[in-house]
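Listed next: structures, encoded as structure tokens.
Paired with subunit B in one complex and with subunit C in the other, subunit A is shared by the two complexes that follow.
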Partner chain A sequence: MTTSPASGPGTAAAPPSGGGRARRLSGVRLQEYALVLVVIALFVAGSILKPDSFPTWDNVRNMLTQASVVGVLAIGMTFVIATAGIDLSVGSMVAAAGMFGGVLVDPEGSTLLFVFGALAFATALGSINAIAVAYGRVVPFIATLAMFSIARGIALLLNDKLPVGLLELNGGSFGDPAPFSLMWFGTGRILGIPVSVYVFLGVVVAGWLVLNRTRYGRYVVAVGGNREAARIAGVPVRRTILSVYVLSGLLAGVAAVLLCARLGSASPVSGNLYELDAIGAVVIGGTSLAGGRATIVGTFLGVLTFALIFSLMTQLDLSTEVQQVVKGAIVLGAVLIQRPEARL
Partner chain B sequence: MAPVLEVRGLVKEYPGVKALKGVDFAVERGEVHCLLGPNGAGKSTLIKCVSGAVAPTAGEILLDGDPLPVGDPSASLRRGVATIYQELDLVDELTVAQSVFLAHEPRRGPFLDLERMRRDAAALLARLGHEAIDPRTKVRELRPAAQQVVSIARALSHDVRLLIMDEPSAILDDGEIETLFGVVRRLTADGVSVVYISHRLDEIRRIGDRVTVLTDGRTAATDLPAATPTDELVELMVGRAVEQLYPERPHASGEVVLDVRGVRRLPSVRAVSLQVRAGEVVGLGGLVGSGRTELLRLIYGLDAPQAGEVRVGGRRLPPGRPDRAIAAGLGLAPEDRKSQGLLLDWSLTKNVSLADLGRFERGLLSVRAERAAAREQLQRLRTVPADAERAVRELSGGNQQKVVLARWLLRSCRVLLLDEPTRGVDVATKAELYRVIGDLAAAGVAVLVVSSELGELVGICSRILVMREGETVFEVDGERASERELLRHAVAPTETADLIEEVT
Partner chain C sequence: MSMMRLPAALAVAALLAVGAAACGGDSDDDGATATQAAAGATTGGEGGGAGGPVSIVASVPPTDHGWLGAISKNAQAAADEFDDVDFRLLEAADADSQAQQIEQVISDRPDALVVLPQDGAALTPVAQRAEAAGIPVVNVDRLFTAPDAATATILGDNYQIGVLAADYIARRLDCRGNVVEIQGLAGISVTEERTRGFVDELRKACPDGGIDIVARQPGDFNPDTGLRVMETILQAQDRIDAVYTHDDDMAQGVVQAIRNAGRDDEMFLTGVGGSQDAMEQIKEGGLYEATFLYNPNMAASAVNMARLIALGEGFPELVPPEVPRQIIVPAATVTSENVEQYEQYAFN
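Showing the complex of A and B:
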């Protein structure tokens, strides 16, 4: 089992169950490989069931564009869950951020002002979560459940329950939006790939680097794995916890921009149940709800899995109600197959 | 008459590992049978087999000459086998009476018979000589020693005939161990047999009747008399003689590095001042609950003191800021490695580097540099396994402690605070840890060691302080210290007389 030459009895190796645990250490890897197979299998299944409409460039582009909104949220959620927290308010924050930006540029304004307003407002809402959890010591579930309600209420109040049209901001249109118009972020393309997909992929890559290749990322996972041990090793525990909720808010702002830019308007009822999609993607990906183990690659694959399943169900003419049942069942199933100690 | 417990040719294989390769031993009625062996020798697996927690691959377990059903904990319990684990499995929020009768509560019709529960619990506690524990107290409010008594009372509530105790003394100080021995003697006088597991060889002579030594999953020797000389037992366990348990005693020559002035946090710490010089190993003895661990937490900034200050190299540390303490050169190996020292699912490398990630960060972390640096420190401490990418959870206690130490070696810290550094560690690894502590001191590190093993403090410290009720009450040069004298100062004056009588 060991290759060390120093094998006095005192240094005798691991407890009996060592072999099994060694394999488990790579559990995250395994789950990632398994998910790659799931994504491929779903694509193949779709191509067989709907050979004319599923394996087309248009459909792939569509799926990715739609996935980018929840995908951005899921990356933020991965950081939150890595600290053994949860953010139930991201869907409501998307709506509130979009409405805030919308009201800011109505009747006139610029894309820049909208983006700035949406990001700032979502970050502010996320900061309230952050302070409540890190300094008020409110359980994350309750703090963000309260924000779930508050942010949705604000979204409805901002324009008297009405949506705000954003179609023409900086020369936007559905057909061929001018570069850097708001619509360009949602439907514009560079080299045939939608701008929103670039944004999503950019967030994924940045998220991976931060989580795996910075001190901060290591701290995030350490805090979730063992808060007391992290503190004794000098990790600034409160600041780390604070930061993930702020980050989740900021990314909700990014998601709001992508969503409004695709729809050409901000709606107070948008973003409904996005938190479930985001949490679902993170959990399918293999990040532990108990904290201490997180994977951005897994989350990315989880987002793709969800996107494929819904595209397929839509093409098979399954109603949104059915889709909702399936969505919940997948999340439940994903948690059940996680190894026991990774559950809450 | 058949022995109470007889184990014949017991083998247990886990996937890829053979934990037990053939163990034989027998326990007679009313005896204290000590089980010795280095970490990883298979002691835990053996008691799990007997208590039914796991099923052996081959071999027989006989109770009074009848085979015991394997892998069935409730059958073992019904036949009168109970186990007190090192980590007590009590529910903090339950009362003592509820804990004793957990899952087999006496009833009257469909309702709990609370009155009988209290009465019977009190009777069991009295049988153990602990009438002072009120059955209505919550477990949370009891000290670890009293919680252990509650665990034993729970075992007795099952009409136990064989009690297995896995390192019961690890969480106790010397005074409390004597109380535990009193309990054990009462049990054996009643005809109960006890299997007693401990790393503290001195205890065996005091409480044991016979000894079985396990090494590498086999019985190395059995039916040894408890009076077997320590050297002989160590040699059986280690397979060679340990020439020297303690390294050369360090003598401080450097300047004062750690200066603690009048630190207070009631109720556990009342105005403590102490100094540790570079190259010095200062021991902090005392009973469990005398405020030693709490003092370390104050020095390290895990708690903020109500008064007083801590200076490192002349500079005052901000209170309640472990990160700043670490930046100033402090390191802490906490009392409970598993829950406070380590991230068990993380690799050795990541556990070692956590306190010093800044040095690998040039924009992004250099994972390669991190691995190399961690490996260097782990090899320096001869940590096993050599593969630093495995999960720390897989390591034995001694090697886990080395991972914690490697973390502070990596940082080249100036002051090292060690809380019970050798708890649950076998004698050979203990000798290695003592050597590491000695080497660190020789390299100019100021070391402050808390330990409940007074012999260990006498063996390795330049200077020893004794704490009692939140204050330092005694100081002695390591050369001149004796365990007996330290213990006399550790216990309150009123108890002193009879306790010393019993111990010596």
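Showing the complex of A and C:
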């Protein structure tokens, strides 16, 4: 479930003779359980306050669909933050990737071309972040803040600040879009479950496997835990750092496809501040901003927490100002109850 | 007297009358000042003189939104109409850089400044400095917070937009039904006025009630936020008759949410602004029934006003050299019945 530096999957089962390391590991696990309680509590609260509309399959499906966009970004963000980095540019990259794909298929094109274009462009932008951080030694905050601005500017430049309509790509339509039309990725369903939810869950599972079951995953966490020690232990530090920003870019492309496929268009102003929700989900999930400790399951639960909060408060029609206070309070509470360091 | 027979004179008079009336219903400090002459109208324009070339600088927020894009296009087009205008359009990323930009411009001493502030309050001091330096300022759409920050002001009527929307929806629903309101950005005057006008007028149009606003959430003027908010509201509400959205661009996301849910026969929707997309959908008929024109032409009028002020000419059909201190451009209801008439103002 989780990984901390130099602790393979077997460590958890080992007797607690590992001292501090083992205690920290169990701390992470406690956090995950605590966040499960937060998710359940929010769902129960919604079911009590909105018994007719909240605990329905339709609403769960809607929340998961909405969570898929920021969810995919948050998995990439988990890898970046695990190396003690940050990626502030993911929201802008979502807009730029969508617009690039959109311009490619306007007025003629296919879903495949759109998807390929969006993924390739986002990956290219992520690569610029990666090179700046890994080889230019620019602080991640600054490098990705620059990309935050550059990518937004590119999104606006690509079609003279105008959105691109994508509704009819490969037989897409409202309601029941043809398989493999663009709209199908956003609103189509297989066995009653939206395609975008399969994509989201696929990314979560893949992220979990890579982080917890591969040598590369251990490298990512090791680099964030203690860069010097990792270097001495033979971890390819630069290449590892390079890779997480490329990955974050690629996943911004995936998020762009999922968003455009629901919106039926690419908009240069979309994705605004998605990075904050992604970072928020990662951090309340228990991944350390200081690096060296990362949990995909925690991030997944963090994403669900944000989706539940949004859905619940919007369904209750709370005013914006109340929403802001309540959301902040829930996030703070969620972090406090799971802090292993907190003495309660 | 003969002058007053000209249609142009009537148009100006009508504009002023509507402005004064709208002000009356507004909490605006200036009240009905539309006919009041501006004291400092002729202080600027040293470079002007009779017929001489005048330099005008316009400063606008980032034009990443359909309506703001139309504002800058219209300003440029108005300036291009005149041979005697030397025009420069500056786009600022945020309120701070807009203030710095204007500070810079003051030292170039243009004959007039046209400013659509990112944030009226934040840019008031720098506009006051321009006025104090003898450069007349024409304030567009978002108000400065001090009377000595602008020689003249031209703005749309957000309160009236809410009023027109309430009238349309009340009549269309015969004062019976569930309405959802998707607002713009929370906490700015544009949004608050569009909501206040709507609520006040619904009360007047349906004195016995009957229309419930079942949800009111901000969509931040973004299509993707509009989509997400509407998807969730559709979950919560099993019967919606009408949706009042604050913006045509954002409404495209709201429309998409409704269509994805297959509920477009259940309700109708209105926008604000007057975008090409909105007008096309209104013509086609169906979900998108109306929009309320918030005419970006006001930027063209602002450039014309700046030119006249800089030339010291006053306004045609008004006794020179005074110019009106405030002009409020009326909103208009655009539906399938009159959309042809308004298409010329559509922006994309």
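Throughout what follows, the second predicted complex is superposed on the first by the 293 of 344 C-alpha atoms of A that agree within 3 Å, B and C clash if a C-alpha of one lies under 4 Å from a C-alpha of the other, contacts with A are read in each partner's own complex, and residues count from 1 in each chain.
Simple rule for what comes next: contacts are C-beta pairs under 8 Å (C-beta built on N, C-alpha and C of every residue); 3 or more make two chains touch, one makes a residue touch a chain.
Bear in mind the structure is a predicted one, so any value in this text is a computation, not a measurement.
When the two structures are aligned on the shared chain, A:R215 is found in touch with subunit B, with no touch to subunit C. When the shared chain is aligned, no partner comes close enough to touch A:A329: not subunit B, not subunit C. When both complexes are overlaid on chain A, the residue A:A230 reaches subunit B alone and has no touch with subunit C.
Looking at the shared chain after the overlay, A:T187 reaches subunit C, while subunit B stays out of its contact range. In the superposed pair of complexes, A:Q315 makes contact with subunit C only, with no contact to subunit B. Shared interface residues of subunit A, touching subunit B in one complex and subunit C in the other, do not exist. Taken in their complex, subunit A has these residues touching subunit B: 1-4, 6-22, 24-25, 209, 213-215, 218, 222, 225-226, 228-236, 292-293. Those residues of subunit A lying in contact with subunit C across their complex are 50, 52-54, 56, 58-59, 62, 65-66, 156, 161-163, 174-175, 186-187, 259, 262-265, 267-272, 310-311, 314-315, 317, 319-321. Put simply, subunit C touches subunit A in their complex at residues 63-66, 69, 186-187, 214-218, 220, 222-225, 227-229, 231-233, 235-238, 249, 252-253, 256, 259-260, 262, 264, 348. Contact residues on subunit B toward subunit A in their complex (touch as defined above): 12, 14-17, 19, 38-42, 44-45, 215-216, 237-240, 300, 302, 322-323, 326-327, 332, 334, 339-347, 350, 354-355, 357-358, 361, 364-365, 367, 382, 384-387, 389-391, 393-396, 398-399, 407, 426-429, 431-432.
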